[in-house]
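The following blocks contain the structures, represented as structure tokens.
First chain A sits with chain B, and in the next complex the same chain sits with chain C.
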Partner chain A sequence: MQTNASPFAKLNPVIKGSGMFLIMFALIATNDWVKTLVFLSFALALLLLSGWGPVDFLKRLAPYSLLFLLTFWMMAAFGKGTNTLWSFGWFHVTSESVVHGWLLALRMATFVCLSFAFVTTTDATRFVMSLIHQAKVSPRFAYGFLAGIRFLPQLVEEVRVLRQVRMIRNVQSRFPGDGFLSIGLPLFSRSIQRAERMAIAIEARHFSAERTYYEVPVVQRQDIVYLMVILLFIILVFWL
Partner chain B sequence: MITVDDLSIRYPGQMKSVLDHVSLTIEHGTTLLLGRSGSGKTTLLHALAGLTPETIEVEQTGTVTRSGSVGILFQNPEEQFCMETIGREIAFSLENRSIPREEMEERIERLLALVGLPLPFSTPIASLSGGMKQRLALAAVLALDPTILLLDEPTAQIDPIGQHELMALIFRIQKEHDLTIVLIEHQLDVCLPYVNQIVLLEDGSVTATAHPQDLFPQAYTELQAKGIAVPSLYPYTLETLPIDGPQAARLHVLPSVATAGTPLLHVAALSTKAPYPLTDATFSLQTGEWVMLLGANGSGKSTLLATLGRLLSHQGTYRFQERPAQRYSRRRFYEHVGYVFQQPDLQFLKLTVEAEIDWSHRAATSDERTTLLEQLELASVKQQSPLALSTGQQRRLSVATMLGQTKDLLLLDEPTFGQDGLTTRRLMEQLLTEQQNGTTLVMATHDMELVARYADRVLVMEQGRIAFDGRPNELFAHVPLLERCQLQRPLSYQFQEVKRNANKRVTVR
Partner chain C sequence: MQHWKMKEIMVMMMLAVACGVIYLGWSTLWLPMSAIFGPVGANWMFGIWIIASPLVAAIIQKPGAALIAEIVAAAVELFTGSHFGLSALLIGVCQGLGAELVFAMTRYRRYDTSTLMLSGVGAAIGSIVYSLIANGFGYYTTTTLLATTGLQLISGALLGGLLAAVLVRRLVATGVLNGFAAGRAKREVA
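Now for the complex of A and B:
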């Protein structure tokens, strides 16, 4: 999670997230592909608000186009339906399944865009603080989550070393999942040790749920406007 | 300031107590806890901090009474942060003390200035060097406003220059803020001048409490024999060190004799793509050579090792045993080349110690493998998981597993980092045996004493380029380069120089 200077980054994280959840729920509730398409364009508009250049846009979304095609194809070729358009071996494409596949793929694309818009404009610490202050999450959980985020880059580094070690020591997988096990075990034991030491360090710094806060995210007028726009948009889409 | 009365601590599931009826008084000033690894130093420090028996669950009897508030600094800076920027990290301590928000900015600024990190609050912690991280961790502890500061090997995980700076900083702050310090530290020469009391721990019991000046002159040889850390010079200086004492004997280094080997590998104009810094490296290595890689953090030591180990793609020539390295299949290549990473516990693939050796030495007979386990002093734990070993044992095993029997080249990335003196010495002996068997060793390190003692040849890296390639003694004489690359001359070399100068003075007279 990171942040940037876009207008979208200035919103309160919890409000921003809830607005997106509203869109996602509305999206699940509809079967109409025109409505879905409208939601997708809305999600793309949000992405533009989150300060992406066109190059970023294509680069980051490119891997998902494959997922998009796959989702579409899975649904279209193996779905149910009576009006057969084309059939070959196991593949059985009907007009109903094509509509379903199209719908599902669009839905997925919208979800991806929304999640990207959130993750690329939200600072992890601010998000957690906002969880504490706006969503009333217990500080114990929230700070645990924050400490956990710091683990991720270290985990990536450790997986890299473990894979190199397997290569250097000439280990080939004897059965599928063998590599996963022999990499997973040391990773797991290290993570437990590290989590324990971290918990001790945090306790040693007199952590308690009764505390003051350096950063207190507040709900501002722009957040209310943002929520209103989304609600209005959903109402318009459904009733017009 | 702290009174410990009849304290015994036992970890759940273990038969033996880590601390056994310990009673002591910690006075104002600086107290050093001294002992071998496993003697109970860290547990005692945790008990003094009040972390036992609740935060760290143990069975505890006896009492610890403190007059004052306590702050504790741990060994690994990475494992004591929970925020992503330096401002928020210090704020976390202030929040815990319920300091009003309006006061925080000013306090954070003052603390950062105190530890010498005048950086913007939004600086990411990940962008700091090891020494800077530890100073930040210190600031975060000082934010708790402790009157007693407990330090668990604060310099073990940082490079030598950072070590000296951090120690000087800690004792300066102690003076300014009138703190009581209890510390565990292996770099005795750096901290002993400040210490008022040494508490010697052996097997969970306190066997001596004394001022360092009373302890070291008598017990020096005895402590050294027991494998307990001893200072290289204290209570003397380089100028006053008696030539026939045990300290001088420790400093005595035989210059290594270069053995004429056969060519092993040759690289020319070797470079890596950005962000890896290696540019235009050209050198050749002989069989049986021990080469040490030196240089500041980020100068390209690890990149060079990774390139030689074919873990990174490269441009330029790399010939291994008269053939281009790329011509070898990975399998063939790693039959000849071993690689020891910084983290020993990531190098194990099997469930028991025995299975690790069986796999790495699969060409050997089972008798040979048993002998090897005995040499490594791992025979008694051969059925245990490698992950359950102590760090010293893990180190020895990780080197052994990367060796196999046919290795011609062993690449080591700071294998002694964060280890105590005893572990380091035994690891070095193990490597020396390999070298004598004809293996070429290339080892990245920050430890100049090891360079003086073991290296045949030194490569100094500076901003991705090889700035020096030659014998250790030539390097030690090259003062401008040493300063530029933040390297210190080893004590043994300084001592020889002092002796030479003294002799010169005699002849002049």
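Now for the complex of A and C:
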């Protein structure tokens, strides 16, 4: 997660996220593919506001055409319906399931676009600070989360090494989840020790809930406007 | 939330983030697995994606642990910049709630293997409910829906709950959990 210089990046992270969840709930609430398509174009417009150029659209969204087809096919071939269009083996394509597949693929695409708009314009630290000030998350939990998330690259590396160790020793999984155990045990025991040491370090510095902040994210007029636009848009789409 | 010790918060966050990293790796196996087992059959993999709840709940043994752990693990997707970040967060909330409810029903007193397996089932139910509402699972043929649900429930119990119980038992044996509820109550997690 990182930020950029786009207009969308200036919004308060929690407000930005809430607006997106509103659209997602609206999407879940509708079974009409035309409305879903309208929401998708709205999400694409949000990507434009997130500072995406044409190259970004092509490069980053192209892989999802495959996923789009898969989502569509999954429902088209396994969905229920009576008006059979085509049938082969266990695939049973009906006109109803095609419509449902199209609807779900569009919905999935909109979710992906919204998530992209969020993660390409939001700074992780600012997001967590906004959680403390706007969403009233306990600072102990929020800072704990922030400290934990900082270990992401190291954890990814550790998992990679542990997998390589398994590979080079040619360890075979004896049951599903065996690999999880042999990777999880060293990974988790090390994480627990590290977490304990960090907790001691944090407490040694007299970390407490009553504290001052270097930067306090606030809700500005642009955030209110953003929420109003989204609400208005949702109402309009459902009205028409 | 004031009665949580800082080290309990940190252990929960670190374990949940570590689980999130494992989820990411597990997700890359989804497509090859669906090629082998089919999109319905590949649901046997489901349980791993909810393991953060029973694992962390069994170690910390406090109200909220199962729910927060699963949300944090799901948030890893968001923070690695994944395109599924926001929907992963929603489904994480549903799964965490399902698991949390099971622990709430024992009044946060039981963390034995059977309770952990039940919490895996609870998480699977939460997941199915979300999929019914948001992913249009209700449009599938009854056979497909029942097979998916059945596989997820079984996988939630085995790959989620049972595996978490085995893992906690082994972690307790290493001694790293001596300062935590799971390490103190060795007999309960047996």
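In the analysis below, the second predicted complex is superposed on the first by the 224 of 240 C-alpha atoms of A that agree within 3 Å, B and C clash if a C-alpha of one lies under 4 Å from a C-alpha of the other, contacts with A are read in each partner's own complex, and residues count from 1 in each chain.
Just so we're on the same page, a residue touches a chain if its C-beta (ideal position, glycine included) is under 8 Å from a C-beta of that chain, and two chains touch if they have at least 3 such contacts.
All values derive from a computational prediction rather than experimental measurement.
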Clash-or-fit label for the pair chain B, chain C on chain A: fit
Partner chain in contact with A:75 - chain B first, chain C second, else both or neither: second
Which of chain B and chain C A:64 touches, first, second, both or neither: second
Which superposed partner A:32 touches (first chain B, second chain C, both, neither): neither
Touching partner for A:165 - first (chain B), second (chain C), both, neither: first
A:147 touches, of chain B and chain C: first, second, both or neither? both
After the two structures are overlaid on chain A, angle v-u-w for chain B, chain A, chain C in degrees (C-alpha centres, nearest 10): 70
Which superposed partner A:198 touches (first chain B, second chain C, both, neither): both
Partner contacting more residues of chain A (chain B vs chain C): C
Chain B versus chain C as contact partner of A:207, first or second or both or neither: both
First, second, both or neither for A:177, with chain B first and chain C second: second
Partner chain(s) touched by A:189 [first = chain B, second = chain C, both, neither]: both
Shortest CA-CA distance in Å separating chain B from chain C in the superposed model: 6
Shared contact residues on chain A - chain B and chain C: 124, 147, 149, 185, 189, 194, 198-200, 202-203, 207
Residues on chain C engaged by chain A in the complex (per definition of touch): 1, 4-7, 9-18, 21-22, 24-25, 39-40, 44-45, 47-48, 51, 55, 59, 68, 72, 75-76, 78-87, 90, 133-136, 139-142, 144, 158-159, 163, 166-167, 170-171, 174, 176-177, 179
Footprint of chain B on chain A - complex, ascending: 124-125, 143, 146-147, 149-150, 153-154, 158, 161-162, 164-171, 182, 185-186, 189-190, 194, 197-208, 210-216
Sites on chain A touched by chain C in the complex: 1-2, 17, 20-21, 24, 28, 64, 74-75, 78-80, 92, 96-97, 100, 103-104, 107, 111-112, 114-116, 118-120, 124, 138, 140-141, 144-145, 147-149, 151-152, 155-156, 159, 163, 176-177, 180-181, 183-185, 187-189, 191-196, 198-200, 202-203, 207
Sites on chain B touched by chain A in the complex: 46, 49, 51, 55-56, 71-72, 74, 76, 78-85, 87-88, 91-101, 104, 126, 140-141, 144, 309, 311, 330-331, 334-335, 337-339, 341, 343, 345-349, 359-360, 387, 401-402
